[in-house]
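Multiple structures are listed underneath, in structure tokens.
Both complexes shown next keep subunit A, but they swap its partner, so subunit B is in the first and subunit C is in the second.
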Partner chain A sequence: MRKFLPPLIPFVVITLALEWMVRSGLVPSYLVPAPSAVLRALLDNREELAAAMTKTSAAALIGFALSTLAGVAIAVLLSSSRAIQRALYPYAVFFQTVPIIAIAPLLVIWFGYGMKTVVASAFIVSIFPVIANTLTGLLSTDPALRDLFRLYGASPAITLVKLRFPAALPQILTGLRVASGLAVIGAIVGEFIGGEGLGSVVDIARTQQRVDKVFAAVLLASALGLALFGLINLISALTLRRWHASEQLQ
Partner chain B sequence: MLAACGKPAKSRLALNWKPDPQFGGFYAAPFQKHGLDVEILPGGAGTPTVQMIGAGSAEFGIVSADELVVARSRGNDVVALFAVFQNCPQGIMAHASRHLGSIGDVLKEGTLALQRGLPYARILEKKYGFDHVKVVPSPGGDISAFLRDEKFAQQCFVMSEPLQARHAGVDVKVFPVADVGYNPYTTVLATSGAQLKSDPGRAAAIVAAVRDGWRAYLDDPKPTNTRMHELNPSMDIAAFAEVAEAQKPFIETGDLGMMTAERWATLIGQLAELGDIPQSIQAQDCFRNM
Partner chain C sequence: MINTSGTKTTRGVALRLERVRRVFDNKFVVIEGMDLRIDAGEFLAVLGPSGCGKSTLLRMIARLAAPDDGRIIAEPEQFQTAFVFQDAHLLPWRTVLNNAALPLELMGIGREDRNAKARTALAQVGLAEAEDRYPAQLSGGMRMRVSLARALVTDPRLLLMDEPFAALDEITRFNLEVQLRELWQRRGMTVIFVTHSISEAAFLANRAVVLARRKGRIKLDRRLDLPPERTNDLRSDPRLGYEMKLLMGAMEEE
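Then we have the complex of A and B:
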């Protein structure tokens, strides 16, 4: 209870304040919906929203999984030599700066309408933090430990698996935390263009001036982001608890 | 009526798309001559002009009639002042090679790109069902998917995308949405009820200037097209001229900009039938002819 109370207080305060502001007419309901109206929209449209949520979750998860695998693999490649890093890192940065909203229509041309486009969008926006953080982690192995491994004649592969990768885990997980939220955003943006899911619900509700439904869908998207974030935290706690300061203090 | 003392108050006019011929008369309007200082704010996909008017972030804006009625039902007091398109220029275009006879045929197979939230989309869904056609989000004014796929149909402005497609060498058949009986005023100048009440003179002056502007643009669109092309270089100047010509019959049907209570009442009935609004919205509250 003590753990949940601190975040609960601002939630309750903000929700009540918003409800009061809309009910008293301080803020018109066509600009900001009352929390009670959002809740009603959630309940009234539960089947439609649940189906949309399932689609968005699947696309965001697949995109996130792909960017985790590809991001870590690319970072390992980049960390293998200074020359490769110089040659390829600038192109990895490209992924961070690509305005997804601008290239999303092209994704439809490449991948067609539907799931593939949405996954691609989630992948593109979420891969960079994985690459950047994993690379930093792989490059900041304790020199003393690296010397030790060399002294004992460990191969580069063994050094990677037994030393550099585990030592980089805290940074990798930080990258995944950032990427998890971005994957959800990427999926929603992809859905604006490619159809289906919560993005499509938002698009339609916006056209109908249903702000309450827009917020209901946005709320579900946030819940999805939080769930992914929680999953990474769980993995982080399980893998780092024994040895890393970030998980021991709590 | 004219502001007697010094500079007139600034008015913002929010557009719901980039500068293009559907706004020609607004860019041609002699606002200064009518004692006005008007700043035109270009928009883009999804610019919420109706909410902007309600929130006061623009004194005037361009909306469509159905948007306005729905906004009113949500407590956003927005009033129409001048309807540019007397007949709705929305339509659905398909490849002519499919030899389709009606909108219903378009929905029998292939893909249809359409903003599903729009009332006419739901009227179509109700009337024909979307079971046999794959409905995908509208790509805005982009026709590349249409050009590549013969079974692809998309929503369009009947005087805009079909011309692009023909230029690209594809023969198209266009089905106006008005064919299914849905014909709201489009590209409608609107303001908030509060603004209209507090400064009716300014609204009247704007409408007079806009009417002059449309008269001038219909007679000679060239100078205004040049100016709009500078603001929106992605549309070439030949296309400006072509669209300006093609849209004329939708605009010039009688007195420019004037609206009738019957047309608003018909629209309210259709939206109420869709369940978007309560029947209690009053047609005469929706507009003010000036």
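Then we have the complex of A and C:
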């Protein structure tokens, strides 16, 4: 509880302040809805929003899972030789710089309108941090420990499984933390252009000037991002609690 | 064969370095023309200023790097080497037992067998009680003991140590030195011990080599005239003081 209290205080203060500013007419309600109006929009549209939330969550989770698998696999490949790394890393950077909003219409052409496009969008924006962090982790293995493994005749595959991969785990999890937030953003952008979910709810509500509903959907999207982030932190705490200083539970 | 310490069988490796040379980046000569014979079962301390090539020498002897010229001949040819670094370098995700058993695991030895051997090695360094703990839960001295157990678990015939106790407080270091000396007397392996500490070199070794700042030139090679039993009492013995004075003299001259 002590952990949740500090971030809760600014939330309550801002919510109350916003409510007061809108009610007193300081901020027009067609620009920023009163928190009470957002809550009403959440309740009034609960079925539509719940269905949208389910779709967005599924797409973001699948995109994130694919990024994790493919990102780690690509990083392992890149770390296997300097030559491969030189040849392929620039293409991995492509994923970081790709303007997803410009690519999304292409995705609709390739994958059609629906879930596949949304998943692809979530995947594309979230894979780079997984590749970059995993690669850094795999390349920064303690040289003394590499010597030790060599001394006892360990093969490269055994060294990867028993040394380099576990040693890189804290960095891999850092990559996954960043990727989890990006996967939600990628899914929303995908839904804006070619799918159904919170993204399309935002898009439609916007054209209808329903700022309260836009805010309700945005709130749910943030909640989704937070939940994913929390999940990674939980996995992190469970796997690293015994050995990584920053994860030591007091 | 009976070696200097009186152990019955000599299990150690004999080494012969002939005109060994090591160059970095094609121009930076760290070791040049080094000749050195190390008898089986010897406890050799290597002293020298920082950057003179002590670690480089150990890595070559461990066959982790090859000399650029000259050769290192070992008798017997095939043997198990163990390496202990300045810091413990344990795997933080493994328990003490699994850290100590790691070398055997990498050599493909079954769980039962390797755990039994790891327990024996841990008992020898006084860590029998800690086998289920993780490195983060140990003190620096305990971690170094695990590292030592990990080196001993394969029953190596050559033990290479690169400033293993430099990061420890003096009392812990004194006790580990006594333990190491006992282990060596019991097992009769060859030990090459790199250190910056003149008192440590004199206390532990049967023979000490002092390297010059440049090109790994051997400035002093001395058989220490000290009793085989090394207990903490020896630390105030004038004979130890005499050996330290000789080593210090060699370290200081240029």
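Keep in mind that, in the parts below, the second predicted complex is superposed on the first by the 248 of 250 C-alpha atoms of A that agree within 3 Å, B and C clash if a C-alpha of one lies under 4 Å from a C-alpha of the other, contacts with A are read in each partner's own complex, and residues count from 1 in each chain.
The rule is simple: a residue touches a chain if its C-beta (ideal position, glycine included) is under 8 Å from a C-beta of that chain, and two chains touch if they have at least 3 such contacts.
Not measured: the values here are computed from a predicted model.
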item	value
Joint occupancy of subunit A by subunit B and subunit C, clash or fit	fit
Touched partner set for A:204, first subunit B, second subunit C, both or neither	first
Which of subunit B and subunit C A:28 touches, first, second, both or neither	first
Subunit B versus subunit C as contact partner of A:110, first or second or both or neither	neither
Partner chain in contact with A:94 - subunit B first, subunit C second, else both or neither	neither
Partner chain(s) touched by A:20 [first = subunit B, second = subunit C, both, neither]	neither
Partner chain in contact with A:192 - subunit B first, subunit C second, else both or neither	first
Least C-alpha distance (whole Å) that remains between subunit C and subunit B when both complexes are overlaid	50
Set intersection of subunit A contacts, subunit C complex versus subunit B complex	none
Residue ranges of subunit A touching subunit C (in the complex, touch as defined)	142, 144-145, 147-154, 158, 162-163, 166-167, 169, 242-245, 248
Complex interface listing, subunit A residues touching subunit B	28-31, 105, 108-109, 113, 192-195, 200, 203-209
Subunit A contact footprint on subunit C (complex, rising order)	59, 62, 64, 81-83, 85, 87, 89, 91-93, 102-103, 105-107, 134-136, 154
Residues of subunit B defined as touching subunit A within the complex	46, 48, 50-51, 54-55, 67, 70-71, 74-76, 111, 115-118, 134-137, 139, 142, 144-145, 148, 276
